[in-house]
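Structures are listed in the sections that come next.
You will see subunit A twice below: alongside subunit B first, and alongside subunit C after that.
Moving on to the complex of A and B:
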C-alpha cells in the first residue's frame, strides 16, 4: 500500500515539476525543475521494480546530462534581458495552438491507455538479469550504442572547437 | 516482493502526460535551450513507458531499451549543445526563428 501512495506522489511531483520547467523564463530555474522531475521519475522506476534503471536515471540523466546543460547556460551568460524576452515569447496567442494539438493527442493516448489492464509490476528485475540480457542477446545493441556515442563525441567536439576558435 | 497494486495503465498515463507536456514545450518555445530540454522530457517519457512495459512482464528488455534511450539522449544533447554554442556565436541570440535558413 505504501508503494502505491509513493507512486501517485512521485507522479504528481514529476508532472508538476515538468509543467513548471516548461513555463519558466529563466533557463537555470527550468533546469532545476527538470532535475526534480527526473528524480521523481527515478522514484517511479524504483517502485515499479527497476532499481538499476532508477540508479542510471539519477547518475546519467539528472547528473551528467543536466550538468552539460548547466555548463552551456553558464558559457552563454544570458542575463536579465534574456528573461524579459522569454516572458514576451510566452504569450497565450503563441502557445494556444500547440496546446490544442497536444490536448488532442493526449486525449487519443488516454483513450487507448484506458483499455489496458493488469499490474504495472510482477516483481523486481535485478541488475544481474539486465546485465545477462545486455551482454547476451542484446550485445549488438551495445555495439551500436557505443558507435552512436562515439559519433556524438566527435560531432560535439567538432562543433564546440570551431565555436571556441573563432571567438578567441 | 508481493504483487503491487499500481495498475499498468496509470504508469502509462503518467508517461503519456509527460510526453504531451514535453511536446507542448517543444512547440511553444523559441529558445533552443528549452527546445532541447523538451526533447529530454519526451525521451524520458518514452523511457518510462518502456520500463513500465518491461516491469509488467517481469523481463529485462524494457530496461535495456531504457539504456539505449539514455545513450541516444546523451549523444543528442552533446551535439545539440554544440549547435547552441554555434547559433549563439553566429546570430547573437538563441531564437530559433533566426536560424531557419540553411545558410547563415
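Moving on to the complex of A and C:
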C-alpha cells in the first residue's frame, strides 16, 4: 500500500514538473522543473524495482546531461529578449496542432494499456542482471552505441580544433 | 514495531553535520595557521574556539539581501541544493556495523548521484546572481565538476570489481583482510584528486578564485545564504572523507591486530579525522593551478590512469578466477 501511494505521489510530481517545464518562459526555470521531473522518474524506477536504472537516471540525466543544458543556457545568456520570444511561442495557435495530434496518441496508448493484463512489476532488477543483459544478448547494441558516441567525440574534436586553428 | 533507528541516526547526522562543519571552519584555519607559521583565529576562548560562535552570530545577524538584478527564485534556491544533496549523501555511509540509514544495493551510485546534483548549487548560484564574476565562476565549476565526475565514477569501478557490489556494507566487508588502499592505490589517487575538484576546495577552488573572480559564484551572496554555501562545502569535505575511509581504508574496521582496542565507530571517526586533516594539509601546501592546467590534468593524466587501473584490475581478477 505504501509503495502504491509513493508511486502515485512521485508520478504526480513528475507530471506537474514536466508541465511546468513546458510552460515556463524562462529557460532556467524550465530546466529546474525538468530536473525535478527526472528525479521523480528516478523515484518511480526505484519503486517499481529497478534501482540501477534509478541511479543512472540521477547520475547521468539529472547530474550530467542537464548540467550541460544549464551550461549552454549560461553561455547563450538569453536574458529578457529570450523570455519574450519564448512567451510568443507559447501561444495556442503554435502548440494546439501538435497537442491535438499527441492527444490522439495518448488515447491510443491508454486503450492499449487497458487491454494489458499481468503483474505490474517483475521483481527487483539488480545491477548485475542489467550488466549481464547488456554484455550478453544486447552486446551488439552496446557496441553500436559506443560507435555512435565515438563519432560524436571525433566530430566535436574536429570542430573544436578548426576553431582553435582559426584563432591561432 | 516501528524502527526508530534510522530516523534517530538521520537526526544525529543533521545535527552532527552542521556542528562538525562549524567546528571545521575554526579547526581548518587553526591548522592552516600552524602549517603556514602564523596564528589563525586564537583570540576568543581557549585556543580561539569561541571564533565558531562569533562567526555564527555574525552570519545570522547580517542583512539577508537579494540583489534587485538577480533571479530571485533561483538565487534563493541555489544555496539549499548543495546542503540537501550533501546531507542526502550521508544516508548510505556505514558508520559502524548496522549503523547506517539505508543499505541499498546501489549505495555507491547513490553517493555519486548526490555529489553530481550538488553541482547545480554552484551553477545556478552563479547564473542567478546576474554578475559577470559569478557567471564566470559558475561556468568554470560546471566544466570542472562534470569533467572530474567522470574520473570519480571510473576510479571507483576497481573497488566495485574487487568487492563485486555497489553496496557500501559489502565493500567494507570485502576489505576484511586487505584494505583497498593497497590494491587500488591508483583508484585512491584519482578519487582523492577528483574529490577535491568536486568539493571545489583549494587547490581546485577555481570557481571562487578570489584573486581573479572576487569570490566567483557566491560574489553576490551574504549572510545565511553565504553560510549555506560554506556549510555545503564543509559537508562535502566530510562526505568525501567518509567515502574515502569506507571505500579504501576499511571503513569501520580497525587494523586487524589492534581492532578490538576501540569500538568500530571510533575507528571510523579517527580515520575520517585523518583524511580531513590531509585535505587541509593539501590546501596549505599546494598552490592553485591555472584553469587550463586543471582541465588538462584531468583529461590527459587522470583519465588514462583510471582506464589503466580499470583494465589491469579486470585482467588480474579474470586471471585469478582462471587460476582457481
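What we mean here is this: the second predicted complex is superposed on the first by the 155 of 168 C-alpha atoms of A that agree within 3 Å, B and C clash if a C-alpha of one lies under 4 Å from a C-alpha of the other, contacts with A are read in each partner's own complex, and residues count from 1 in each chain.
Quick note on the criterion: a residue touches a chain if its C-beta (ideal position, glycine included) is under 8 Å from a C-beta of that chain, and two chains touch if they have at least 3 such contacts.
Remember, predicted model here, so these are calculated numbers, not experimental data.
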item: Of subunit B and subunit C, the chain that contacts the larger number of subunit A residues; value: B
item: First (subunit B), second (subunit C), both or neither touched by A:35; value: second
item: Which of subunit B and subunit C A:67 touches, first, second, both or neither; value: second
item: Partner chain in contact with A:75 - subunit B first, subunit C second, else both or neither; value: both
item: Partner chain in contact with A:56 - subunit B first, subunit C second, else both or neither; value: both
item: Which of subunit B and subunit C A:86 touches, first, second, both or neither; value: first
item: Interface residues of subunit A shared between complexes with subunit B and subunit C; value: 52, 56, 64, 68, 73, 75
item: Footprint of subunit C on subunit A - complex, ascending; value: 26, 28-29, 32, 35, 51-52, 54-56, 58-59, 62-64, 67-68, 70-71, 73-75, 77, 126-127
item: Touching residues on subunit B, where the partner in the complex is subunit A; value: 1, 3-14, 16-25, 27-31, 33-34, 36-38, 40-41, 44, 47-48, 51-52, 54-64, 66-68, 70-79, 81-86, 88-89, 94
item: Interface residues, subunit A side, partner subunit B - complex; value: 1, 3-4, 7-8, 11, 14-15, 18-19, 21-22, 27, 30-31, 34, 37-38, 41, 44-45, 47-50, 52-53, 56, 60-61, 64-65, 68-69, 72-73, 75-76, 78, 82, 86, 89-90, 94-95, 97-99, 101-103, 105-106, 109-110, 113-125, 129-130, 132-134, 138, 141, 144-145, 148-149, 151-153, 155-160, 162-163, 166-167
item: List of subunit C residues in touch with subunit A within their complex; value: 71, 73-74, 77, 104-106, 109-110, 112-114, 116-117, 119-120, 123-124, 126-128, 135, 138-139, 142-143, 145-146, 149, 153, 166
